[in-house]
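The structure appears below as structure tokens.
When the chains are written out, they are named A, B, C and D in that same order, and each has its own residue count from 1.
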């Protein structure tokens, strides 16, 4: 049986036994190379599920859809390791009860599908520890280093050119599992801290604030980067900020469902070499 | 007698237009995005793409536009109006779907109050459209009863010739003729066989859809919830739609002075209909998606006898969760049968 | 001959330490350049990164954020939280090309009037040398200009 | 529509000579929303304040900005003046154009320009100020005193004597604490128990004091005036109402070989016992760990001999939930274990003892009935070496701080020894003699001069046994010579350290402590008895090492704070507190974690039918101190801080 068949079987069993009321997985997309979120409630529909290397979306954001979890029934969800970390953060930030989530974990390694064992968030804690210890060097690392090697003026110009493209469609925010706020700060006009206009200044402010709010929370699933219709390399910023909280505070987001948010906690001996 | 514009004459044409004081604008790909931008040389144009990522409406209805500056004085508030710079422009290489969209929005911006900004730019712009000889799986102009060579909105329509050597010129309007009179000697008086048009299959039954949408019973159909379940409520489809035209006003400034701006808005955003009281009449994403479809294919045609969609397919092409108008209307077509 | 560039510097300070330290600089009749504008907050814990962005929008060429030394916070640990935020926000500013010479952080106690006066003097001088923050000002200018296309 | 009054103070020459106040006035008069702007020589003077009040009334002002000295000087003055003119005091802001402008800048034009800008920006702020009312919090007039040593007893008595209810909690079976263990007290050499026990009895019998011995505080919730405290009353296995305190059970208990903690393990006690003869209450407890019945299931001798049927082996711990308005923490100290000084031989040689053990030897109620006898063989020691700073002031092995009382009690020990053992020789090794206090230095001089204690300035390097003697090798740094003394007994002045569970208990109560576990005061100099948590106070050695007079003083200071608090039915607090917008809150709880005061609670938002809609943050106005850390944390911008709102600060910056 192929890995995909095994997953379909497991999903069918979960639904048939009544353990979960719904499964959030991937189905066929509008083109052969696209996968899209699929919500199935019946074991018969398990055959519609796809599990393969093209399943790149982090579906965990759907878990906090209004009303989904309020009946206390369990929900099954297909997640890659980043998605599992997202679930940990959502739990740590009281957005969901991890006991309600049945994780159907999978990974994509070197372009091919690999099954993950376990179903509760704690089942994956050693996997996540391994991820922290062996943080891979993604392809964008070279670009990050290139940017860091620039003068501030060059860096500013680089980002100015990127942010000038932004159309404030907020796809980055809407696709992000961490952007569950009932009201985004940009939607607060009393006062209007962040310009809503999509001129470069407003775009700069928006992207900075979003990156700040994601610091120590982003799991680098790449969702925002893929969603951006004007191709702003958002992953670069998020990756850089993840590195910062790791270096400065030894914080790897989504380690566990009890992890303290990095900006709501502190250590007395946190680094402060920059403070005069 | 038909005329041909040869590709290798394009630089000369651009020079002539420049000399006549026209800005030349066309699809340009740079910095990982393709969009309409001013050009100096033909080489800057990207003819390799089916459609630029961003739409033609950017040129007439920019995403953010300053309308006036205000200065707050002790006794009164002074204002200073901002108008578009008022330059004559020629757009070279737009696609029929994008250009049709401008024609779709013309009545919208002019049915009551005539939008100064829109019409000033419309009258200052000559649009040279190139008919499509290729399409992708998202293109759907034919489903909207348009075609890869629809003339609506265009001043000139070009049909690509074999071997990429140039275009067969069709002058559609007075303004188009005027603009092309500037390049009189650069056109060949000849004829040729245009390349076959792109084949764009019809994907849904527009009339059946409209009928279904008009049936009040379907307004509360469970279908809307199901079809929009994965919608995340971003503005990608709106902002990359050539016909979407909703906007919002925003005052930006400090204590002493500021600017009132007109910004794009999207019916996909929860904030779009949020009342000050906190009540939101379209409180769910399914209601917002329904509104989008209803507006485009029921209310807008009801008022203007035009669909507020020209079939460019960007909504589906760019949707972060692989949704879009096509899928919804295909499902509605099924439901209506 | 052009006039020397007078930078605009906005400071966000806590009332218990740095604001009091600035008062002490005053009562001690120390001298420092008049380019600084202070915004008084109860605690560094109250100082949001948004304040820094808004100061830049208002044309600040430099920003100072200052509060109580670690362990001295009137509210016991508002400054420890602030310090983490600053670390993160500073990395973000740096990565996006805001020169860190323009955004400075300090601990100044109610007793450090001298430190306050010296810091403002050196900060003003540093920013004067850097010149106006033209790149940011160009973005502000864009918001005031009609769309060209 | 805003009608702002702007008052520019010259402060005599202080502002007037540097800043062009007339230009400032005209600039303010040109500013939108300003109804009136005037200058005056001294606005803080009575006529100056009258000007402000008159302007408020005449122009019906909605806000006031006074451009003058620092708000730290006269904000209160002008807020009061506003209130007197009928304007909410929080609609007044101060632009600091003196300390932060006229006094520090030399260029008149630039100083004036700066004054204009800062005054304008505060006009913009004040336009958005809200009328705030002081927060009123009801006060439960019942104090909890934790710890029944001298500090706790003193605090309890002072509060109770002022007519307020007190709950006094002691975890041991009896009141008394360490002071009850002492023999005599410096510098007067009066008998500790003679002065202590009447206090214990008074506390126990006081109609306003509810005494809970053998009880522990397990949970503290709430805030000033409104604490909820959970107390565990440990089971004594003796019915306190039935017991007459006759002591028959103690006499008859067959298990008599238990090391007596009260006597610092120098004596023995039975399994049913009172810690000491004058215990208050005089009701025994059964030591479950050593009781034969609890160990083997057989015995019950005590039950058989008890005439009032007071023994109950089935007794369970009981819990009390009390509402409390203020808390005095007086949990005391312990003495440091000196095991780290292997070279002193404590634990190895029976005759190397601690100062507290010496107290028990010298005490008339102690194991030797006040006779100084060596623990090893009961022989009277002819020579005793006292080693001071056996742990204190020793960063490498002990603690960094000075334990404060050791110099004095060592001098006292030397004296007591001289008085009890005629011809006995006392040697004292010391680092410094710290005898600051009323009659203290005279006291140590008496030990040296009258009672002939030999004081040697230096450290002891080794103690070993040789020919039945304890050989003490040290150095006399004044003579610059090594010294060896053959002693019969060695007494170590061990360091005072916090109670072993002090750090955990700090968390229970919700107060801070230092690296050792001593509790933190709100301000070492200006608020030495308050903690950072409003309504919780500190008395005695739980804060830092203290002698009896200091502990008693601090206890009385705590009492006065508590009585002051209870003198009002409502507490008024500055209304600068955080408020949460429940409709936009996502309930992520980061704010609750970041709050230094545990002021943020979870609040359920229910539908009309009682179903949970969402869970949001609720900021308790009684606990919030207004730092604003939560406001900055809140990603959805749902929390705001009254007096320093997001809108106000935005306007202030935009007005610059």
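One rule holds in what follows: a residue touches a chain if its C-beta (ideal position, glycine included) is under 8 Å from a C-beta of that chain, and two chains touch if they have at least 3 such contacts.
Just so you know, these numbers come straight off a predicted model, no measurement behind them.
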Pair joined by more contacting C-beta pairs (A-D or A-B): A-B
Maximum centroid distance from subunit A, chain identifier (CA atoms): D
Distance from subunit D to subunit A - Cα centre to Cα centre, in angstrom: 46
Centre-to-centre distance between subunit C and subunit A (centres being mean Cα positions), rounded to whole Å: 34
For subunit B paired with subunit C, centre-to-centre distance based on mean C-alpha positions, whole Å: 45
Residue list for subunit D, restricted to those that touch at least two other chains: 583, 594, 633, 650-651, 654
Set of subunit C residues in contact with two or more other chains: 48, 54, 58, 77, 81, 85, 143
Touching two or more other chains - residue numbers and ranges from subunit B: 64, 252, 254
Chain contact graph, described as a line, ring, star, complete graph or other shape: complete
Subunit A residues within the subunit B interface of the complex: 29-31, 34-37, 39, 57, 61-62, 66, 161-162, 165, 167-171, 173-175, 187, 192, 195-199, 202, 223, 226-227, 229-231
Subunit D to subunit B touching residues, read off their complex: 30-32, 34, 120, 124, 583, 651, 654-655
Footprint of subunit A on subunit C - complex, ascending: 48-50, 53-54, 57, 70-71, 77, 80-81, 83-100, 104-107, 119, 135, 139-140, 142-143
Partner subunit A, residues of subunit D touching it in the complex: 583-591, 593-594, 612, 615, 633, 635-638, 646-647, 650-651
Partner subunit C, residues of subunit B touching it in the complex: 25, 36-38, 58-59, 62, 64-66, 69, 82-85, 252, 254, 259
